[in-house]
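Each of the next two complexes has chain A plus one other chain: chain B in the first, chain C in the second.
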Partner chain A sequence: MKIQKQQWGVEEHFPEEIIDKILLKLPVKDVIRCSAVCKLWNSLIKNPTFIQTHLNNQTHDGISKRLLLISRQSYDLHWDNPAALFGQYSNLRNPIRNSNWTKGIVWEVVGTCNGLVCLAVSSIHGDPCPPVILWNPSIRKFGFLPSPSRAVDCYRYESYYLCYDSRIDDYKVVRIVREPYCQVEVEVWSLASGSAWKSLDNVPADFSPSTSHHAFVNGALHWAQSRLTSGEEEESTVSVVALDMVDGSFRNVEILQCWRGAPMISRYHGDGDQCWLALFDLQGDSCFDLWVMKEYGVAESWTKLFNVHLLGSPEEELRIEPFGFTKSGQVVVRMGGDEEFNSFKSYDPKDKQFRDFGNQAYDYYFMDSFVESLVLLGQTNVFSY
Partner chain B sequence: MKKISVRTSDGQEFELEENLAMESATIKTSLDAFSRDDIILLPNVNSWEMVKIIEFFTKVQELETKFGVKFMEKKEGRFLEAFQAEFDKDLSDDNLYCLLWTVDYLGIEVLLENLCHLMAERTKNKTVESCRNLFGVQHDYTPEEEAEIREDYSWAFEGPEIEE
Partner chain C sequence: MSRVFKLKSSDNETFEVEEAAALLSETIKSSSSTEITVPNVKAEILGKVVEWCNKHAESEDTKDQLIKEWDAEFVSVDQHVLFKLITAADYLQIKELVDQLTQRVGDMIKAKTLKTVEMTYPTFNVEREVQEELKSLGF
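== the complex of A and B ==
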């Protein structure tokens, strides 16, 4: 049959556009293997546009939805599918465990975005500053970020956030350093520029994010902040502050004033590809409301989606805390009593049922949607494991 | 509906409905240049390929009636599964390879998309050598270059699912 093609006087291989189309439909492992077929295929695959298009195709493909579940015991990927009971899809090898890099330091997963995972040491420590790690488990590559400008000491706390600038297809890590009674410092590192952390000089004077929870929505990182206002009664005002990853500006996102206490911020996935800023309004230990901002930036669009509460007997004193979302709109919660607070359940608002979630023996500390991607492919200064 | 006549490389003539013929960007260009009464010559298209293409459009119309959806706009989903089941089984690797060429030449976007999907399915879990055979690709790495890639991503080249 191929001889027939030679009769036309055409070259024997397909036009590049067709090879591209075909390669884009392959899972990551097959794409990597195809880079060894020939030099043309290798250059097609390592093209940044190919990597980005491949990622976008994965993101819209329902079958590819995964959840990254991180515990002290294990790094796992689970099916993001209630029909599959959110069962385990695969176990990920920790890229640096038992390697020369660790020397007793424990890295934690602090974020994931487009298939990249960010590892950092978030607790208090001294010099030297252990570097932040960017890792793509799907292609088994990881790299170290350069050291930030100033190390932390016992009075300073640092936290890291991974996000994406879609305008220039760039991955950024934000570092927030807090010191009691001092202005919060913010630095940003970008994969594209790669060299040094850049200090932001436009940090608002009243910037006091609740760094334990954040949400990357609409191209910006969001934190809740709760400040005690001076006055006769000690009241706290709650606000949401956003750092735009495209232009580096800070802004406030309007929230409803009915929330007291510090709400927990998150990112909710609606039907299809919807992604809303979400706030959990915690009301006591066994109950919370979920609010979402259906139209970003429009205060009136804050909508209470549903309420989650435990119907336990009073003697049990069960507590419940939101942990994260699945793409099918279920809330994952952490439940337990005073002695053990590490039972994870998924809550389905449609039938108001709690179901066991994840491995009951694991103590999860991180969960987020995950997609397999080729990001970091072709980057220099990355290591295999 | 007007019928458009085409003649393939082996001298066979086919009559296509106009709206179907217009799905081919190449035929459409010819029709715009010449009269619709003339037979369009397709020296790069074999008759078995034209049969397959007509079969595809017939199948699309059947599925559109069955599912009540316009599949020409959709490229994935249920159509793909139904399409694959029917189209894939009679198509050898070589035939699929040739059909891809022809459909690309004719510029039938929706069929090209589906054939690329079929080709991708056949590429999955294949060794590097099998891929080269499937696509008729020249091996242009030096042994050292290829060894470097295989070492750098050794996990991608091993696994029980990879077949010859």
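== the complex of A and C ==
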């Protein structure tokens, strides 16, 4: 172990506000280097207010936008910038792959928020189910969440969602258990309160959130849910249900009645910092409409932004499915035929063009916008790798 | 007829500064006197700060390319001079000068030209610790 120290001419009277001012402007990797300079800088950087302010600066800074692209083959960060052709920015070293303690378990990325990534088990031989992981790849730290209050027989019955309570600067993970023939259970864990999962007792009786898509918008988690209505025709009504992360309440978000089937819910980024609840209305295999709720909570504000469809010959039987958004308002889609459905393209509504997206050899299963942050720095019980 | 302010350095040298330049400093602005002593700041440094204020007072348009180039040259000084300038500009509360100087420090940190020595911490045996944590979680 080596510790070197020497006089480097720093003013003894340097006010802390000045040091904060300097450090807040730095990218994450330089802040980490600075945290090793001296104890004062270390404590300034690990201050939760510093971490939050630094994150807010990054979020509003145009050049810090990244996309987290996860495939079975690789974990990558890409530039969230069409001018850079959404090219690869860096490859992330998976903290848990090929470790001795993984023992045949496969974790997969289930969410990202403010630079944190949430990993949950996607495959395991045998019981019991290993814990969920919170990981910050920018500072190379990760930690385990405590085991939930009630284990389930199969990992497939549970799903995890990562989100943020901006009122108290707290990160929360929501666990939803959907066992066959049972009512849906919901519990929440918070980074600030640490140890135990808290069961929610206000879950609506008809709560049946879609397993495939969700959106964290306006401080709440949203899911589409469809219920079969009794009647002569087998019809389902679609609704959007939201769980507010600040007060823990459930509410419905009004949607237009013209949508049938199970729309895919998502979060749309417009120019600047706009963030809208979005719905993809899938119309067949090769066409979909994008709707956004321009004014949250106001049903009349649902606006159809554009339609995306494939112009191919019918014999080709190409399918297209929305996969995610970039911050410049482009849609990333998954395309393909029956044999291979893993060609990813970005669609620009301005010129209606599809362009190759990502590494064509990878089969992505997760994409979301990403920002480098210091969250988890200074937390106890986290590991560095 | 604009007022003239007198700024005195810690080594007793006095600088006369015209009102427009002097009022770039919030400290001077809120002072009741036109004679201000700046503690802990020697003449060499105070002189440079005065030079910056004079330059910025005479130039109306701070977005002008020439002034930007002048500013860039101004902050390209040795590390220890840079820190002394920050202390002075902070005491005098000249926001734009503090911003420019701290930006320069940040750029030097990013370019790794700032002379600091970073302590190296021992690396831990993560595998063993992770296995222990998993065990304590019942897995």
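Throughout what follows, the second predicted complex is superposed on the first by the 364 of 385 C-alpha atoms of A that agree within 3 Å, B and C clash if a C-alpha of one lies under 4 Å from a C-alpha of the other, contacts with A are read in each partner's own complex, and residues count from 1 in each chain.
Basically, a contact is a pair of C-beta atoms (placed from the backbone, for glycine too) under 8 Å apart; a residue touches a chain by one contact, two chains touch by 3 or more.
No experiment lies behind these values; they were computed from the predicted model shown.
S.K.: Using the superposition on chain A described above, determine whether A:I139 touches chain B (first), chain C (second), both, or neither.
M.R.: A:I139 sits against chain B, while chain C stays out of touch.
S.K.: Touch test for A:R33: chain B only (first), chain C only (second), both, or neither?
M.R.: After superposition on chain A, A:R33 lies in contact with both partners, chain B and chain C.
S.K.: A:N381 contacts which: chain B (first), chain C (second), both, neither?
M.R.: A:N381 contacts chain C only, not chain B.
S.K.: Who does A:P15 touch here: chain B (first), chain C (second), both, or neither?
M.R.: both
S.K.: Tell me which partner A:P48 touches in the superposition: chain B (first), chain C (second), both or neither.
M.R.: neither
S.K.: According to the stated criteria, A:P131 is in contact with first (chain B), second (chain C), both, or neither; which is it?
M.R.: second
S.K.: With the two structures laid over each other on chain A, which partner does A:G297 touch: chain B (first), chain C (second), both, or neither?
M.R.: A:G297: touches no partner chain.
S.K.: List the residues of chain A that touch chain B in one complex and chain C in the other.
M.R.: Shared contact residues on chain A (touching chain B in one complex, chain C in the other): 1-2, 4-5, 8, 10, 13-15, 18, 21-23, 25-27, 30, 33-34, 36-38, 384.
S.K.: With touch defined as at the start, can you tell me which chain A residues reach chain B in the complex?
M.R.: Per the stated touch rule, the residues are 1-2, 4-5, 8, 10, 12-15, 18-19, 21-23, 25-27, 29-30, 32-42, 61, 139-140, 384.
S.K.: Per the contact definition, I'd like the list of chain A residues that touch chain C in the complex.
M.R.: Touch list, chain A to chain C: 1-6, 8-11, 13-15, 18, 21-23, 25-27, 30, 33-34, 36-38, 99-101, 128-131, 144, 146-147, 381, 383-385.
S.K.: Could you pull out which chain C residues touch chain A in their complex?
M.R.: Going by the criterion above, the answer is residues 40, 79-80, 83-84, 86-87, 90, 98-99, 102-103, 105-106, 109-110, 115-124, 126-127, 129-131, 133-134, 137-139.
S.K.: Spell out the residues on chain B that touch chain A in their complex, using ranges where they run on.
M.R.: 44, 46, 76, 94-95, 97-98, 100-101, 104, 112-113, 116-117, 119-120, 123-128, 131-132, 135-141, 146, 149-150, 152-153, 155-157, 159, 162
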